[in-house]
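In the two complexes that follow, chain A is the common piece, with chain B as its partner first and chain C second.
Presenting the complex of A and B:
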């Protein structure tokens, strides 16, 4: 990179290692004033460690070295801890992801912001109080005087993120580092926060944006650097990197974004030749040394190889028969202050054999409550659920138990739905035996078959869920859901916690399994792109009601309801490949 | 859950709960103490050694209603308790209420001081170990486990041997002066500090490595600033929650400690009363202890809500 006198941040050859294990290898960055550089990559790629090294907080046990680390021409590489404290907050503002845990839950946001001012400026107490209010107003919080007295637990996700941003920009730092600032937010709120960040850049700050979400990056960044395995593999102007990527990894990331991919097309790797069937299903599993999938040419692997653009109506119930009907479902709760709250309000839908119904809406719209009613984990206050034409809701559990195997579920966070003391084999044996056995050996054949189905090698039976990666865990969760041979699977944000390329593999896997077994999916997500890619029909939920439902393509092409249009408009536009 | 009730209903629920606890304690004591072999009438007259005449025993039984059926005695006892009449001590021939009024302040002072010292030790150790890295954490953890495992009677003996007999710095028994309080307070506080320290240090460490602590550091806060401004309150929360239990623990510890250090107090009174089968006095002390425990639990509930806003909204 050319030496540029206006560069606010200049970093050359940054190396960070933890216990001898390199996390960042030779990273160089340069950001001029008023520009935003996005550092893109999947979790574990070293993005966050790079960002934290820039404020001298790489973490305990980190060995950090850099040929050059300069902020507006001033060398930071040799600063003492005391001197670093004068840089943090004052000259570099740092915005962490997930403001719920990044703000102290016991202190008011006013005090959190005041801290930044107290530590980095000479303002009097009264001036600081005034400045806190004007900052809260700057970041777009209504009623700042009231908000300043509230704690993070009393605020919505968007408000918390705004408060956190206010604390980071309180002293007008010349460099703002934002680490996944919108990851935990709904689409509409995400768009607002991105606007806010773009505004900061226009005020003349340099910005380093860390994200795994390419759509977010494209809407804000001037330049993009793509990171994998601790290295920057490609960097350049945003339009160039995202428009005509030159590195394989960048292309893989871009392809994995589901939004613009039609239903039935693949997101992960391109269709592989027969010998590499397993690799095509799972890059991760392949890396872990999958074998066996290709040994069963007539089995699932054979089906998986086919780059199917056409839907195969496989499975026992003929396609088109309703397998699940929800009519007028209503469910209310009491909030802590005793006000009744209607989570699900007159929701009706039908799911046919072999079909995917997408349920989309922001957090709190009642999606998950609807799923719990369908699963028979909660009883509706009004309305009815019918399973294969027979009553399901409102029955005593005794009469439902024998039919519970018909309907399975896959959740967002499989780790918390696994008993951490059990091995993968025991988890699957538990599911195969309907909770009567934890003996992995007795079910070895079935367990191996299930793991093969989801693209994991049979030797994973001995592993504990904690030792698996996020994608592998979700595969195990899917295997567990399929163990009792269900006809319907409720997928509640099954890929939301995953990196985009792993997400792509999981979505492809779900697609393959659906074709193979003629499964019906109720697919719940807040991510419009994912829902669009997965669903035959889509229902949009807002405040407990379904405001619109219809065939996926039609709904996305010409949304009828104002809320659907608002959701679509707010969805950050993904880069096109 | 009490969490969701309005203040008036909360107080009402607490009062009803306390009444139930007191009734249960009174009942258990009444029937429990009658399972100890021996004749209560004999105890009233000074125990088996007093060689009381059969006529005197008969007289006492009639005076104290001991010739009535057991349930009638129980009903009469409850009736007296409801009227607030704790009766007279068999052994000391004084109203139980007066005895307790004399002994309670000493025990309360001992318990409160011990709780305070335990808190200071626990927080101090947690703070020191948090700021001084992993090795300090191992040291702190070892100290906590050792302290929590030590029984009061052993600790008291060691402290007396060391500070009174060998060094001669402190009196081995109560002298009425303030320095007589030091050894009993330390005896009670050290094991408790071990327990409190374990939970406090754990939540302090969790707070120090939480994202909000990273946010604070990114704002320019130093390590001690993060500790005092953020982590300390998080560390205090489980301590507050445990303090109600800790107070009960201290009251029962006082039985041993007051006896060893020959301090007047509720614990020692209770021990004597049980040995002498002084039913009214045992009942009175047990009821007052239970009441104190209920009050302290309610107070720690209130303190917990005051310290943790999440309990108020959730």
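Presenting the complex of A and C:
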């Protein structure tokens, strides 16, 4: 760490309000040169607004005030828009989450970086060309001369992020702000980008890292500030804040990270997450409504309040009764340039009653195609899917339809899976009636029971899904999937788009429901921690093949395949609690 | 709805708040549209004279207290004729739009839902129709079927259908491949139910907005055909035919062309403003 104690960024009592609604309340930050401060919080906590205020881009209609906003001793609080342009890019570099939209798709990345360099007039054309190449090399892009001539669409997500970082650091800014720089990236790529960011500090820049992901933060940050509701609730050295958090909210965040919590332990802090206060319908009623496992001793309300350190084995059919079998599944597509592309290549697995099989892999590994084959949404080119021992793939849809109730699905983006014209009540009525009725009133009792099951109050029936939060939407999606009383649920990245504490609630909910109804899950995720937490067995996919599968603990403890080891090594290690 | 999303950027609520006049314009358009519809339904309540009564002594009178919009070459009251002209013009516009939408619904749905070959075939047919300018297409049809109100309605309907069909096809193809439809299939819904409950309602909602926008265009086209003498026959009080009659006297009796022309502009503008209002509502939903 740099011994230089001069603070590059000094921010005191920042307040930002939109239309009189405060988004940031009295935030103070200080970052010395060569140090990385991580600002951690969930969506809506005000962390991004704070970062944008630092570059004078809080947004239209924002009222920004600060007692002090200094960059290397120079006051920024009173800058005009014109003066800000001299600061942005030149003295403060900004790295955004999604490099795909931050880079102009029509321009080569060489020109993008050249643009950034042109802000500093000290470079001649030839110097700039040379510097573009050296920057691309600095951020670890192979073959810089060739990369400089490519457009963002021709690069992978990781390469785009590297190019964006290169343009942000082109003029050696004193402060680099990185807003969720790795959120859109796969685990192995994320690890590389984090290494790169950590290396930037050695150039002497101060860094402000914005992230919702505690694991990411721990691997890079020197100090951590935890934000919620527009305030910083805790800050200090990374090891201290993440190791022995003093604030409740920090503890809650840490607890919600699934990776280090064994299967069956709860992630969400409170027994009844937000919105469940009203859900106190008696357990028996709820259990009668959607009866899957008759042995279940109590309803979900009771289950939810019970601390569950150990998995309850009761209600599980004898092991080795496969409910879903996939044998040698193969599926290929043609890429736009007519090349055949094998998305799923000889994939075989079995799912037993009451079991969760985790399917883990990076984007493009064929997880979702495998799920579509299992759901009968696509026909395999080769191989077979059997459902409860009977053929499932290769049938005309007409013959599958009557057995569709056996298998449900929960998607990453619940909103797009809802008909936008329907209310929550209508969506559930449709699912309950087998599509015969949209009359929420006729199914009021069942609808309320389903909503209670997923921890939502019955009054939500009248709401449109658009008016719900991400977590609430996913709860509705789960309720809808459970309405036809399925035995198997395919969960495709069900919590990936959610904040970590909401993710924890959804994962806990899925866990409770599995126990309650003896459901079998095919749980698909790119997140090793989540898969580890949710799964009894895990299958690792790479380029359309399952490279390794086995019991979760065994697979994570002693991975056999090189790719599994690589994935595990790349997974940034979550902070211990 | 993809066709609208591009408009979102410059039609956002903040903009509407900054220009409250937009709102007033909508109300004015709605009022004018109501007035036109009323004129079409009960012309005799608004018009003081018989639109067809000839009175040579009063020919070519400039606008006055007795004849608000003046009189034409046969001494007929222009104001009464404009009021009576609302019915054929609006009827032709509405009927033509209905025919256009209906035809487009058949073609677009078939292309959007049918297999690759049906989509390809319909797509090529639509392209051939697109190659002819809309009005030319209508003229070709009239050349074959002979002039008259019915033929001009069908002609205008035919020439607007390809545009609607394209949009309907795109909408249906888009909704059909949406996760929402997939979710319905996973829940075991039959194709008919998926189509009736999810695909058609979601795909067609924006088409009705387009229909409202297109109504004005249909009125203009119907008037154009009448102007060319291919629609309503001469003595009839029809805006396009009145324009044609007044054209000869444009230098001496400007009122003969101005007022029917304004009526056409009013009808088209109302349909555009109201269509846009509906469009904005559909987006913000």
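We take it that the second predicted complex is superposed on the first by the 529 of 577 C-alpha atoms of A that agree within 3 Å, B and C clash if a C-alpha of one lies under 4 Å from a C-alpha of the other, contacts with A are read in each partner's own complex, and residues count from 1 in each chain.
Following the convention adopted for this analysis, a contact is a pair of C-beta atoms (placed from the backbone, for glycine too) under 8 Å apart; a residue touches a chain by one contact, two chains touch by 3 or more.
Since the structure is predicted, the reported quantities are computational estimates derived from the model, not experimental observations.
In the superposition on chain A, A:408 contacts chain C only, with no contact to chain B. Of the two partner chains, chain B is the only one that A:164 touches; chain C does not reach it. Legend: residue contacts after superposition of the two complexes on their common chain; A:63 is shown touching neither chain B nor chain C. Within the superposed three-chain model, A:419 lies in touch with chain C and out of touch with chain B [touch as defined at top]. The wider contact with chain A, measured as residues touched, comes from B rather than the other of chain B and chain C.
By the touch criterion defined above, A:251 reaches neither chain B nor chain C. Applying the stated contact rule after C-alpha superposition, one finds that A:463 touches neither chain B nor chain C. Residues 52, 55, 57, 81-82, 85-90, 92-94, 96, 98, 101-107, 112, 115-116, 119-120, 151, 153-154, 164, 167-168, 336, 338 of chain A are the ones that touch chain B when the two sit in their complex. Touching chain A in their complex are the following residues of chain C: 178-180, 182-191, 193, 197-198, 201-202, 205, 285.
Chain contact summary for the complex, chain A toward chain C: residues 375, 377, 397, 401-402, 404-405, 407-409, 411, 413, 416-421, 430-431, 434-435, 438, 480, 484.
Across the complex, chain A is touched by residues 3-4, 210-212, 214-222, 225, 229-230, 233-234, 307-310, 313-314 of chain B.
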